[in-house]
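Look for subunit A in each of the two complexes below; its partner is subunit B in the first and subunit C in the second.
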Partner chain A sequence: MNRFAVGIRSNVRTFLRTPLNVVLALVLPLVVIEGWGQAMAGLPPMPTIEAIPLDLGRVLGAIFGVAIIAGLMGLVQMISAREADRRLVQTGYSPRTLLATRLATLAGVTIVVAGVNFGVLWLTVEPEAPLLVFAFLALAGVVYAFLGALVGAVLPRLFEGSLVVVFLAMMDAFLSGDSPLAADVPDFVQYFPLYHPKELLQSAVFDGTFAAGDLAFVGGYVLVLLVLVTAVFGATMRTSGGWSA
Partner chain B sequence: MEMTTAPTETVDGSKTLVRGNVLEKTYGSRLPLGRSTPVLTGADIEVRAGEIVGIVGENGSGKSTLMKILVGVLDHDAGTVERYGTVGWCPQEPLLYDRLTVSETFRLFGAGYGMSREEIDAAKQRLADELDFEQYLDYRVDQLSGGNRQKVNLSIALMHDPDVLMLDEPYTGFDWETYLRFWDMAQDLADDGTAVVMISHLIEERSRLDRVFEVRNGLVHDVTDDETESELRSDREGDDE
Partner chain C sequence: MNRTATAFGIGLREHARNYVLVALLVILPVSFITLAFAVTQDVQMPVRTLVDGETTTVMRGMPEVHGVIMTPITSSFIAGLAGLFLMREARDTDGRLAVVGYRAREVIAARFGVLAVITLVVVGVSVGVMLVDFQPEQLWWFVAAMVILSVTYGLIGMLVGAVFNRLAGLWIMLILPMIDIGLFQDPLFVQSEPEWWMKLFPGYHPVRVMVDTGLTTDLDTAMSLGWGFGYLLVVGLLAIWVYYRGTRAT
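Up next, the complex of A and B:
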């Protein structure tokens, strides 16, 4: 049997049979998008951005909603069955195949989550370039899904790992956003995981355009995370097994 | 160092399938002032085809560590492990995916072993019948009782008919009937040439074992000809006096 296909099916079943995952993926976007929007609604308009604070807040809420759900799912995928994974590797799965099934599942779930966020955003903000908005939300989710997976591979504890992902996502969305509360942020913020996805999303929502430089940066970010998570996961799953038949 | 080699013949003609030479393992702490615990300090062990070998020892003596090193899921600090053939490993705690059903669990691990769908289905039916968990094949692992979960845990180690079977207290939670059936299976496998290595705490099982190794003070001692662990212990205490 094809290990990759069986692995993917197993991961999807595991995801769907965890009700909290499904509820989070479906309910959180609405709460976060509207919550973030309302939180920013009372702020004065920003001089550099034409969008009203309510809509800007909703856009930031959407990207934060995708990031935090994808990040937590990436984390859980890595640590929920670490010991069973080791046994699976002993049976013959290569760590790379196992990781590929996990990341492919994560990417699929992230696209669904991005779709839900996009739907809420579509109803509340009416973006200029809907397809681009959906794509950039998915991209932001993939960045955080891989980041969550990396955190899970390095720090295989649910509570501590969740704190890292949640704190990072909140700080990232807040500092990367154009909130007047986070004005004059230092330059290094542009290296935060959500900075460029947010630039892409904001342009797509309000102008219907995007900057290729931002897209290239995010692509590079995903690649670097992929290399890191592969290296760390491979190291944690390394066994001295391997049998002669 | 890890090797896979052709099996070597012993004096009585049986093949050696697993050999650990001068194995050392210390569990260290990553923290600067953490404690490091040496567990194995030069353990030697050899397992031949067709025999049932018991590994005994006190709690914390290093039995599971030794088995994990022989299986290949734990790195050792020094020494060599040589293996021949396929290995089935049944860990002490069931290492399974809670939200998959029993059938899906077979499919996942069977794919790992490189088995075809037909081979997986056949193994599943055979083991479910032998260990009596047929009615639970569509149950999720997290909905099974401890004993049934352990049956699945054991079945995953057995499903690909391995040449070497490594079992870490495989009967925890079994009822008496299943326990007896398990021993019949182990004996049948050994008769067919499988090397069965088992961590055991029960003294009454010693009559079922061809050889018994005790892990003590970081080393492995062949205690096959000694009668019971308690006797061994009292002998040692007598020696110390």
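Up next, the complex of A and C:
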């Protein structure tokens, strides 16, 4: 078996060895989706504020839920394995192979989490294009998983890293999520990680369509994150010239 | 200097020396709260609160109402994460302090002192940023409720850190304050009498006080302040008990 497959298998085993994480990854989406949906639906319609239908609230909860679960997973995965990764590099593992196993595992678990979110949406909202909805939820999760991995590679301590991921996700949810409370949202919000995935998801759920431009933007976003995380990870794993880098 | 003060001083210095952390504790509340005020629509919204002892609906500007929620949610997130990671770090080091002769109560006092300082700093920064855009009607009652809520979340973070692993703890300490303060206690979203289970969350009583003292001129929720303090005491005793057991076991 090659090193890539061994790496993925051991990463998946590490995650599954903590059943609590698996249970929470399955239960939290339900809490977030229903909590978000019910709360948004309670907002009274006002002259300049449209009421948020329950279903739209659930869709926004689903994308936020999958993003934050995946983002924190990416962060923890990178930081907790840092020392072990460095030793593996010293014993001859290529940093790129190691990173590929981490990101592939992250993407795999994220797709499962997206599947759970999709299942909850399927039961409560009845989307127009179910396959697209699943794909776009997974895409939103992958964006945040890689973002979490990037933050974990740059800031190798969990407290600081989690503060960055949590506040980025909160701002993103507030600004990108069509919050009825917001007005004069700045133009730069379209570069926030969830802005285009949210557009894709919303179209797929309610119209059964999507805009190719949004999809291309998200694809580009994932590519940029991949390049950045590869560069940072490579730099932190450099072992030449001493015992520890 | 006694041993508690020594451990407390070292704990504080350890965090103060971490410039990235100190910068984040300032930058994140400033950017998050400022942004929240900047983009919130300036329209009048109905808010349910106590006036002269009776629940009534008053009209208030949405930025003010939003400020009453976004400021405590910011400090609660940070205090909760601080509690979580203090407990995780403590697992590695406090056992060693016990081995060299520290009593459990000395270690606990030092750790709780560090958490209290971090929480007060974050509350101070959050309230300071809020005051640029919004002045609560009764500032000191508002701050008192915010301290109670933030310390409660810091202690809940400690409890979660003692019971759950890092990833699970992070998920819980993100989602709990968000659904509690940001959704279930937000007077914009909950326009009728809250369900009984919403009242069990840590944010129920302190946020009631903040809505009352932030948006009206009289204090009608002194009782809620007491309940919030009681909640804090219960969580605090639980945290001390869990910490004590953990320190003795290691």
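Just so we're on the same page, the second predicted complex is superposed on the first by the 229 of 245 C-alpha atoms of A that agree within 3 Å, B and C clash if a C-alpha of one lies under 4 Å from a C-alpha of the other, contacts with A are read in each partner's own complex, and residues count from 1 in each chain.
Just so it is clear, contacts are C-beta pairs under 8 Å (C-beta built on N, C-alpha and C of every residue); 3 or more make two chains touch, one makes a residue touch a chain.
The structure displayed is predicted, hence computed values, not measured ones.
> Mind working out whether A:Met40 is in touch with subunit B, subunit C, both or neither, as first, second, both or neither?
Only subunit C; A:Met40 stays clear of subunit B.
> Please work out whether A:Leu72 is in contact with subunit B alone, subunit C alone, both, or neither, and reply first, second, both or neither.
The second partner, subunit C, only.
> Thinking of the overlay built on chain A, is A:Val185 touched by subunit B (first), by subunit C (second), by both, or by neither?
second
> So, does A:Thr18 touch the first partner subunit B, the second partner subunit C, both, or neither?
Both partners, subunit B and subunit C.
> Give the label of whichever partner, subunit B or subunit C, reaches more residues of subunit A.
C
> Need the overlap of the two footprints on subunit A, from subunit B and from subunit C, as residue ranges.
On subunit A, the overlap between the subunit B and subunit C contacts is residues 18.
> Show which residues of subunit A lie in contact with subunit C when the two form their complex.
Within the complex, subunit A contacts subunit C at residues 18, 20-21, 24, 28, 31-32, 35-36, 39-40, 42-44, 46-49, 68-69, 72-73, 75-76, 80, 155, 157-160, 162-164, 166-167, 169-171, 174-175, 181-186.
> What part of subunit C is in contact with subunit A in the complex they form?
18, 20-21, 24-25, 28, 31-32, 35-36, 38-46, 62, 66, 77-78, 81-82, 85, 88, 164-168, 170-172, 174-175, 178-179, 183-184, 186, 188-191
> Looking at the complex, which residues from subunit A come into contact with subunit B?
1-3, 6-7, 9-10, 13-14, 17-18, 81, 83-84, 86-93, 238-245
> Residue numbers of subunit B touching subunit A in their complex, please.
It is residues 2, 4-5, 69, 71-76, 81, 83-87, 89, 91, 93, 95-100, 104, 107-117, 120, 140, 156, 160 of subunit B that touch subunit A.
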